[in-house]
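Both complexes below contain subunit A, partnered by subunit B and then by subunit C.
Our next item is the complex of A and B:
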């Protein structure tokens, strides 16, 4: 019992303990804030990628796509674990807006807007036809004209808060889309003739996925039109991807595994059909695998930050070590007294480690409390800093980030607190052991007082 | 008086310390035997090794050579655990500089030796009795009103009385006092000596180290230590 009492008294009676407590609190504060923001950003980025892709995709990066996609969609629609399915064509085109002398190369995605919005978050990404995907390709003024949905960053400017300047009544600007149709073998389908397919579409909406690369380079067009433009309608109809949404209770990996089995069976059944060799390049991927190229970069940054802030933890260990070294040096007499009344070396270690654990708990509680308070008001604080001093964490005119993430993950907080306590114990071990090794008679010498 | 009546006996004690490059031989074959209920004073000049001898009797230090036997049990053969128990239960120390813990109250300092061998759970059941005994001891040494004070709020004499109360809390068979009046004025020192005499009359065995002949005369027997040996 005296160990607890002494440890507690050392903590709150000695000013130097408050310095160590402050150092622990500061480290915990920094780690919790940075990890929360970083985890929030990565989590948000993943969620946006999930929303953009759906749960699973079957398809190929090849610009020629793959045949018999309708047959496989039928197979998928019969599967009890599949909720919705949407075919899509991804290709590249030269796009020029009405009145412009220049064409720019953009990614075009051909979709059935209604089906695609059932599988992905497409319907929610629309500005003028939000949650009304059936009208996504209906330009204002004349719904019969072929419409196109343009990535928000291609069409609009953002203000300093990251908000787009939306026109309340956007004009149905004409956009000419030019594609190079390819055969299933990858050759130019119209070689020797006029080579390209061109069609004019009219601005009908913008898409705001929150993914900078998508919003600045993608134009959505009706599926049938892209199929025709890319030469994928005949002689055998082709698509690039089939996006799949699983039923609510289906685990992602399990759903993907089942789709792989279905696809393998399907390929076997189709092996004697014409152009069946084009099925060989088709893969089944979960949304995470499909978007890994982008997600991995963010995850890598998160890992690097975690490692860097792990070094902050090492600083805590060192600070606690120094503080304990000083405290133990000043407590030689106490150690001698304790030993003279029968305390063992282990008891002495326990006193100082108890002190370290209390310091770690108190410091991490203070750090977490400060971090929670700071994170609660982090966006208001950033707004205030921006309005007063023009400071922003991210330039919202450049980065597709809205609010700074501030949702705290309880598990992460508990892990950080546990690490802080362990860091304090690690810092205190050597001085404590040194204290325990003191001979009582030496500790009680007058010269030590 | 038979040999069995010696509560503690040290034979042929040698002890030396390294001081820089030199080896200082402090004890050179010192012998001492103390009977149960005795009040013995060890006197000697400064540096004669009397405190070293007391520390060896109390197992705060080990001799280089020689044996210390407490109630026929050789301290040299005891494990670390047994020595801790010996320091905790069997002997009580009173130091010249009191050696109270600043972080604890006077009462907590007094009951510290009783708390040392007890875990948190056992402490819950023992706490009331131990605190009662601590208060009784404080009353006995005239510090009943000072229980909740901190050591730095006490005078030198009060601190030494608190230290004596602490030394007695586990009812040790042997009380070892190292210059108990060395840091006190004569009036206060006299009060401490009267307290020790009272304890001795009640049956407490006491070994006291002092350099002051007048203080030593208060003991029942005086042993003089010179040149590392008992004269």
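Our next item is the complex of A and C:
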């Protein structure tokens, strides 16, 4: 009990310990704020990638695609762990909008809008036909015209709040799409003639995935049309990817493992069929693997920032060390008395480590409280700074970021608090050991009093 | 002299002082590295733009006919070293089996653009060898390295030998442009071209390396605008003479352009006024401002965290003062004034700050200069590739030390150490010898 009383008394009475408490609180505050914002950005980015991809994809990067995708979709649809499946074709096209003097090279994705929105968040990304994917490719004015859904950044400007300027009644602008049709061997299908296939589509909607690279470079078109444009209808129908959504209770890795088994089995069955060699380049990936190139970059930045703050946090250990060193120097008489009434060296160490732990807990609680208060109002603060001084943390016309993330992750907060307490204990170890080595006979001799 | 003697004595005897030196050095180094990397990145970003398009760009809303005459007039200006024309379009490049890429096509004056941009320096084989590769089999094309190959997943480096094998290969490019029909409507007309890869372009800037195919401007013009009876350009890129004032040069260039557009091209005033004449750096200003803001925010965060160094110095000096009360009392009893005593400790704070800052600056310099090697070690040891051109634009981490920022950081660090020492110094100054030195 006396250990607790002494530790509390030192914390309360020694004003110098407030400094250490302040340093711990400052570090915890900054780490919690930065990590919350960073984790929010990374988490949000991952979620958008998940929504864009679905749970799992089977397919190939090659623009040739792979055959027998319909047969494999049948296999998948019979599997008890699969909720929905959607085939897609990815290719590149030269797109020129009516009235524009220029054309632009873009990625085109051929999908069945209804099926695709069951697997991915496509339906929710639409502006004019939100959650009504069946009409995604219906241009305004004439629903019979072939429609196209254009990435929001290709079509619209963003304001300073990151919101797009939408027209309430967009015109069905004609867009000419030109592609290289490829044979199943990858050669030009129309060699010797015009080399390319062209078709005109009409603007029907925009898609806002929240992924800058997607929204600034992708045009969605009806699956059948893209298949024809890319020469993937004959001699055997091909697709680039099959997007899969697992049932709610299926774990991602387990689901992907099962799909891999099904795919291996399917390839074996198909090996004698014509053009079966095109199945060799097909892979089964979870959405995380499929979008790894993009997600990894952000995760690395998060890691780097954490490492840098870890380095800076070392200073807190130094401060705690110095403060404890001072306190121990001043408390030699207390320590001498304690030891003279029977306290062991371990008890003395326990007193000071208890004090360090209290300091760590108090500092981190103060830091977390300040961080929570700051994060609660961070967006209001940014809005105020923008209105008053024109300052924004991120220019929303450049970055595809909405609000500054401010949802605090309890686990992260507990880890940071734990690290702060550990840092305090680390800083207090040497002074505590030094205190424990004090000899009462030396500390209490008249010349020392 | 006594002060210096005391500083050295405290430094030698009180090992805890080394902690404050270490903390100042660590914070200083961290801030110098962060500021240098950010500024290096911004400089590289601006330099990349100048290397790609020259110092100044004339970008009119319509294509410029008879551009050789405009170039001749521009090159007659005192501030202009050289000027060249470009024409751009978009296209699809079929590189082989199943390999199609969306590309940007830049029509350039192959022989001349090297005087304005860094194009010639970016060629893998060099221009002398490049032209011989085509043998008249098709249009000579200079293709960005990232269009032809992907860098290694682990090292993020290209296999230059494999890429070199691509030179001389035939590829197909589909492009086109909107042309006016007889009824006045615009119609998109496409054209497929047979190209021969004359050379590979490796500028180190991801965007250009990954997306651009360079063709001779005249051949691109013939393909995309066959109806044009004279040379046409989309933009004019200009290299300024070294040391000339960019603002004066811009005014001169604008004068030449306005006269040319009005008299030679017969353009309306709105077209002339709608022409953007900017330096390459001005063109990037919006992004640079954003990068600088991000740097400011990061430095602010680290700066606030570094405030704890001031606390640390305070604690250490407080401890020293407490321990040295008797020394202080003896000094004062020998006639030293309170100001002199305070100066001993503030001076010691400055001394510690300067030592820490020097160490930090050296550490910051070493880390910044060797940042690419460090990044390589991290990759080898932890398997973590931190820097990728596809994410950060450049193939190498810019490693210039920003001495200006380093100077400010060093000054702040020294001032921070002195501030940390101030209260303990005052506490020392108000020590009363009679209280400290009395027998009981």
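Note that the second predicted complex is superposed on the first by the 444 of 449 C-alpha atoms of A that agree within 3 Å, B and C clash if a C-alpha of one lies under 4 Å from a C-alpha of the other, contacts with A are read in each partner's own complex, and residues count from 1 in each chain.
Keep this in mind: a residue touches a chain if its C-beta (ideal position, glycine included) is under 8 Å from a C-beta of that chain, and two chains touch if they have at least 3 such contacts.
This structure is a prediction, so every number in the text was calculated from the model and none was measured.
After superposition onto subunit A, the partners subunit B and subunit C occupy separate space and fit alongside each other.
In the superposition on chain A, A:333 contacts subunit B only, with no contact to subunit C.
Once the two complexes are overlaid on the shared chain, A:159 sits clear of subunit B and of subunit C alike. Shared-chain residue A:342: touches subunit B; no touch with subunit C.
In the superposed model, C is the one of subunit B and subunit C that contacts more residues of subunit A. After overlaying the two complexes on the shared chain, residue contacts for A:437 are found with neither subunit B nor subunit C.
In the superposition on chain A, A:312 makes contact with subunit C only, while subunit B stays out of contact range.
Between the C-alpha centres of subunit B and subunit C, as seen from that of subunit A in the superposed arrangement, lies an angle of 90 degrees, given as a multiple of 10. When both complexes are overlaid on chain A, the residue A:188 reaches subunit C alone and has no touch with subunit B. By the touch criterion defined above, A:30 reaches subunit C but does not reach subunit B.
No C-alpha atom of subunit B lies closer than 8 Å to any C-alpha atom of subunit C in the overlay.
Applying the stated touch rule to the two superposed structures, the subunit B and subunit C interfaces on subunit A have no residue in common. Residue ranges on subunit C touching subunit A, taken from their complex, read 16, 19-20, 22-23, 26-27, 30, 89-92, 94, 96-104, 172, 174-178, 186, 188, 190, 192, 286-287, 290, 293, 297, 301-302, 304-309, 311-312, 314-316, 318-319, 322-323, 384-386, 388, 390-391. Those residues of subunit A that touch subunit B in the shared complex are 1-2, 4-6, 9-10, 13, 333-334, 336-345, 347, 439-441, 444, 446, 449. On the subunit A side of its complex with subunit C, the touching residues are 16, 19-20, 22-23, 26-27, 30, 34, 62-64, 91-94, 96, 98-107, 176, 178-180, 182, 185-188, 194-196, 198, 293, 297, 300, 303-304, 308-309, 311-312, 314-316, 318-319, 321-323, 325-326, 329-330, 391, 393-395, 398.
In the complex of the two chains, the subunit B residues touching subunit A come out as 55, 58, 60-61, 80-81, 84-89, 93, 95-97, 99-101, 103-104, 108, 112-113, 115-120, 123, 127, 166.
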